[in-house]
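Okay, so subunit A shows up in both of these, paired with subunit B first and subunit C after.
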Partner chain A sequence: MTQSVSIPGAAKSGRSRSTSPQSLGGDGVIYALFFLGLALTAVVIIYPAFYAIELSFQKAESFISEPEWVGFDNYARVLADTEFWEALWRGIIFAGFAIVFQVILGIAFAMLLDAAIPMKRVMRGIAILPYLLPTLVVALTIRWMLNDPIGVITVGLQNLGFGIVDWYGSPTLAMVLVISASVWLWTPFVTVAFLAGLQSVPDSLYEAAKVDGANAWQRFWHITLPQLRPVLTVVILLRAIWMFNKFDIIWLLTGGGPLRSTEHLPVMAYRKAFQAYDVGMGATISTISFLILSVAVIIYFRLFPLDTKD
Partner chain B sequence: MTKSRKPEKGVTVAGALDRMSSPVSRRKVMKGIGAGVGAAAVGIHAPFVHAKQKEIRFLNGEPTVESVRAMKFAAAQYEKETGVKVQMDTVPVGKAFDKLQTAIKGGRSYDIGTLFFIGDVIILASEGKLAPLNDIIKKYEWGPRILFPIDGNNYWYPYDYNLCWINYRRDLYEKAGLKEPANWDEFLDNMAALTGEGDDKTEKGTLHPISSSSATNYFTFGFLWAQGAKLLDDNWNVVLDQGDVKKATMDYLDFFTRLVDHMPTGIAQAEWGVGLRGFRSGQLSHTPGTGRAIDVIRTTDPEMAQKIGVFPFPSGDGANVAVNHGYDGWVVMDTPRTEEALKFMEWFSDEHLINFLHTSAVHYQPTRMDIYEDPRWLAHPALEEYKHITDWQKRFLTDDNVIIRSIDTEGPEPDLRAGKIFRSYALPEMLQNKIVKGMDSSEAVDIAAEKLRKAMAS
Partner chain C sequence: MRNELEVSLSSRLALYTAMLVTFVYCFFPVYWMLVTSVREPKVLYNTVSLIPGPFSLENYRLLLAATDYPTWFANSVFVATVTVLITLVFSVLIAYSVTRLRMRGKTAIIGTMLLAYMFPPLLVAIPLYTIFAQLGLANTHLALIISHCTITLPLGVWLLWGFFKQQPIDVEEAAMVDGCSRLAAFFRVVLPLSLPGITTVAIFSFLLSWTDYTFALVMIDSDSQKTLPVGLETMVGQYELRDGELMAGTSLIALPLLALFIFLNRYFIHGLAAGAIKR
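Coming up: the complex of A and B.
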């Protein structure tokens, strides 16, 4: 027996969605892909996450050591450690500044690339290039550019009369360095997201505003930004999560130094788990970091809900 | 007469295409998958035709082309002689401990592994993952401070010393009429005399990293050991901030502040290889390092390599000299194939170790004293060519006035606590406090000592 379900609006065009045995093959593929995705997520994300949480309640000097169950001792140790709070604060500073600059520059570049500029397509292609480069390549290139005495930035600053700047010898400059590198690398993501959003803003809104005498800034503030608010909400959320967890650029550029001035929670967790023979502490820092981020995301969605379409 | 024969449909290309063009039903696909799974299941339980060949797995930690080639040659030779296959995998030695752990956790442990940090050996031994090598070790005469016995057992076979000394440009010294420095002031004066513009000068004097890294722990504290400092007493108490040791450490920090004037910027981030690159390019007149510097340079620029001399780290008053300890070795894991692995280790030690050491002849300084007299080892031309260096190497081991220390080998016996203070990077941070923050030496030492105590207690 064949059962058929009509889709409103589809009857006129003669299309119908059928649950016949033939179409079950299609549903099977969907289910197969769904369960495959679920299985992969369970194996590479959920299981490791639960394993890390389990490790946070144990004391172990290595991944092959027989772990000792210590309850909340690791949490007590971490929360009593001033280095943890310093690392948390540095992570907030790093992520905060990186996001602010990425968003401001990303919007500016998006507006520029949306305007009538020569070779627009080529410029759009060039604008996304940094995002396509592997972080390792970028980090090594920056290190060479800052090399004393042959780096191009070192020589350039010297010629401009700034002398030799020791980027790694000052806690402040080291933080400036990792934030700048992050902004350069990941601003294109914001640019592309905003550029896509800009295409959906009706021209009629701008034309009406012009008729009403709105200048460029007023058009941006009262039309572009409100129209792109959903994009902005998601972009800031994603960038915040990624920057707070960002490990590679800091590790490759400064290793967390000098004097731990660029060591945030991911770097600290790595040091504890893989260098300091304290796997439990590393897992605890990661777990707390995860909880902090989760709470921040919940608060963020309360403040900037996505369901404002109506 | 040739009789033409019409090909059967089933074995022609056209026939195959015909079959492909027939509709593929789900039933057919399921049948195919079922048949495949069935065959695989039968195969798993079938007798393995090569099961009789024994195999051991070796994790090599020396990734240079020459070293890998030598290890693979040894493996092939061993298989030819004994029928036992030696599967040789290679990772950089710094990643070997992680790889060994992963293999154990994955249920497929290596049988032999390479390690460069005694703390890692202690971890594996304490977890019962290592087999003692006592019978092999006792066959030979060994150099000082290299066997690191644990509870009376030798769990590792050290194959080279990586002592860290100071490499310098002999040619520039000769042209400037300088002699090897006997104390800190002479060292600073020599660097000042060689710094400047022109062919006989360099831009800077040396480079000792102060980053929170293993490189700093290795390259930077030779002067501290020469000054007579130590981190722990015989009862595992931290003594860095006590009496004469504190004074020696403060002297070292004050000297290091003067030393920084002769270094390029970037020392707070510098890692392995940065000093060597500066030395090789003619930017620096000195660099801390091992014979690796000689081996690296002589392969591409033998003339430059001939210009290199070495001396140990001097103390402030010239009373002592020191080298920073370093080493690499192999461990045999406790696996069902341990017996075979031990046989291979013994065979390799007698038959192929010297070939392996020759792959980086100056860098791989032997740990076995018998090798220094072995004609097979001495036959390598580089050992004669760089005798002025290899003579120093042997003297570092035999001269009682040469201090051999390192952070990871501090304390009365091998113990993970020394490994923990190594990885706490308390001493590099002591330098950063002094150099980056401009902290008073006494305060920097006190903070470092507290960090050492905290690391040991964790």
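Coming up: the complex of A and C.
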């Protein structure tokens, strides 16, 4: 059937051409499947997003009452609200610190797991483990470990002479708590991606560097990091998006408190929509938050263009 | 690091120390959860001994006998199973047709799926809940399953798209030349070849649905409909001194995942390395 015309020196692209299904076009079944897929995507993914935008222009007393069209009122209210700007800033602090530590720790773990260590498989499993745990499991376990007076960390810190640490009472400590928990939970994503990337760095580069007298740190800085730059670009982008949108860990550990000191945009949107029943306001905050994220992603792509393959 | 012969004693020591620290850092919370769950309730508030014991299954007994935990467990299994099935059927359909079809706009589907990765959970949860509330479907498992599909479907399409794209179309064509219909070729040739990809999608859809807290918090109100994470959360603060039972509860949520992880390790690594799971 399809035989791609192979151009000398273009063997690779020739192969991928031959998988393109020109000859299979016009097949009824496949078109039916395609449109089914299209319809489902539209209903489940696109429609809710557009509906969120529609809700942001409305005001309703509850989820089922008749909404009233209010134009840009919600947007004006949100943007004039200092709570919103504070929440945005706290979200940036939260995501920023969490990402920096996740990346540094993830790279360190990956380097360790790549080294000649005993029980490699077990260690790799243990290092990935936190990522699989439900946020709720982690949050409840952390709360139990910080229990006053009998949590294992509480007692440990006391024995080290720190006294009772009031994690939920101080704005700074509460922020440290949610950031640390996020780092513990989601670092393995960086570890696994970086570890996979390490396997593709040719050994010859390291050997050449060694001949030139480069030490381990120099080899890491001048070979490993530059070689893994594309991996890191994607990993940082994904982690940034997900940390900025993260809701559950903060909600479960501090509920946004104390005195809203850990309340970022997702928590604020939840509080407005599901506790104050101001649906329009919740939708508006989510929409603005998504717009800010989109702009940030576009800027990121400009600064760190990805190598696009297909 | 690369040249093991060169590694001196001191750097070997540093390596082992780093290993130990990493091990304790990553594993201790899980260890502590398990140790607490099997400790006798009476001594729970008197000791922080790092060594397990005195051993007792009382926490588990109380959890299963005195709370709605069994119901929540059944709800979680049901929601996760249906989510996985729906995700598999539709992500296979979409990914397969997108890779085998030449027409404008097909990359828009993939693009939309990627965009969905960027949606804040509440950007999806608020409109979905509004829709379900108006349809009278709020507080149902159907609502929860559909909201889980908004995350698992993009994941499935994205992963399988990569899979189907790599697959040589020649085998499929050969089968069709030999008289197979497209559907037969699909079921006899494409599906078996894609089994690893499909398994990965099944595992991660299960994981996402099983671990979800946010959507369950928004969609489900009544105790009898709750899934494990939200159900367990409502136990907190309802009664005093139930940390032992809570840790038994979290252990039972985590153990199925640990079992999956141990037996299906390579799929996890594959899916994670593909950047697939949004968490």
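In the analysis below, the second predicted complex is superposed on the first by the 267 of 310 C-alpha atoms of A that agree within 3 Å, B and C clash if a C-alpha of one lies under 4 Å from a C-alpha of the other, contacts with A are read in each partner's own complex, and residues count from 1 in each chain.
As a convention for this text, a contact is a pair of C-beta atoms (placed from the backbone, for glycine too) under 8 Å apart; a residue touches a chain by one contact, two chains touch by 3 or more.
What you are looking at is a predicted structure, and each value in this text was computed from that prediction instead of being measured.
S.K.: After lining both complexes up on subunit A, report clash or fit for subunit B versus subunit C.
M.R.: clash
S.K.: So in the superposed three-chain picture, is A:86 touching just subunit B, just subunit C, both, or none of them (first/second/both/neither)?
M.R.: After superposing on A, A:86 lies clear of both subunit B and subunit C.
S.K.: On the A-aligned overlay, A:73 touches which partner chain: subunit B = first, subunit C = second, or both, or neither?
M.R.: In the superposed model, A:73 contacts neither subunit B nor subunit C.
S.K.: Please indicate which partner A:112 is in contact with in the superposed arrangement: first for subunit B, second for subunit C, both, or neither.
M.R.: second
S.K.: In the overlay, answer first, second, both or neither for which of subunit B and subunit C A:148 touches.
M.R.: first
S.K.: Determine, for the superposed model, which of the two partners subunit B and subunit C contacts more residues of subunit A.
M.R.: Residues of subunit A touched, subunit B against subunit C: more for C.
S.K.: Applying the touch criterion given at the start, work out whether A:184 contacts subunit B, subunit C, both or neither, answering first, second, both or neither.
M.R.: A:184 sits against subunit C, while subunit B stays out of touch.
S.K.: Under the stated touch criterion, which partner chain does A:210 make contact with: subunit B (first), subunit C (second), both, or neither?
M.R.: second
S.K.: For A:63 in the superposed arrangement: first (subunit B), second (subunit C), both or neither?
M.R.: It touches subunit B and subunit C both.
S.K.: After lining up the shared chain so the two structures overlap, which partner does A:235 touch, if you call subunit B first and subunit C second: first, second, both or neither?
M.R.: In the superposed model, A:235 contacts subunit C only, not subunit B.
S.K.: Can you check which stretch of subunit C gets into subunit B in the overlay, out of 41-49, 131-139 or 257-265?
M.R.: 131-139
S.K.: Let me check the overlay on chain A: which residues of subunit A are in contact with subunit B and also with subunit C?
M.R.: Residues 25, 63-64, 147, 274 of subunit A touch both subunit B and subunit C.
S.K.: Going by the contact rule at the top, pick out the subunit A residues touching subunit B in the complex.
M.R.: Residues in contact with subunit B: 25, 61-66, 143, 146-149, 154, 164-171, 174, 253-260, 271, 274-278, 281.
S.K.: Once bound in the complex, which stretches of subunit A touch subunit C?
M.R.: On the subunit A side, the touching residues are 1-2, 18-25, 27, 29-31, 33-34, 36-38, 40-41, 44-46, 48-49, 51-52, 55, 63-64, 109, 111-112, 114-117, 123, 125-138, 140-142, 144-145, 147, 150-152, 155-156, 184-186, 188-189, 192-193, 196, 203, 206-207, 210, 216, 234-235, 238, 241-242, 244-245, 247-248, 251-252, 265-266, 269-270, 273-274, 279, 282-283, 285-287, 289-290, 293-294, 297, 310.
S.K.: Show me the residue ranges of subunit C that touch subunit A in the complex, using the header's touch definition.
M.R.: 1-4, 7, 15-16, 18-19, 22-23, 25-27, 29-30, 32-33, 36, 44-46, 48, 50, 90, 93-94, 96-103, 106, 109, 112-113, 116-124, 126-131, 133-134, 138, 146, 149-150, 153-154, 165, 167-170, 173, 177, 182-183, 207, 210-214, 217-218, 228-230, 232-233, 236, 243, 246-247, 249-250, 253-254, 257-258, 261-262, 265, 268-269, 272-273, 275, 278-279
S.K.: Which of the residues in subunit B end up touching subunit A in this complex?
M.R.: Spelled out, the residues of subunit B in touch with subunit A are 26, 98, 101-102, 104-105, 119, 123-124, 126-127, 129, 203, 210-213, 264-269, 271, 283, 416, 419-420, 423-424, 429, 432-433, 435-437, 455, 458.
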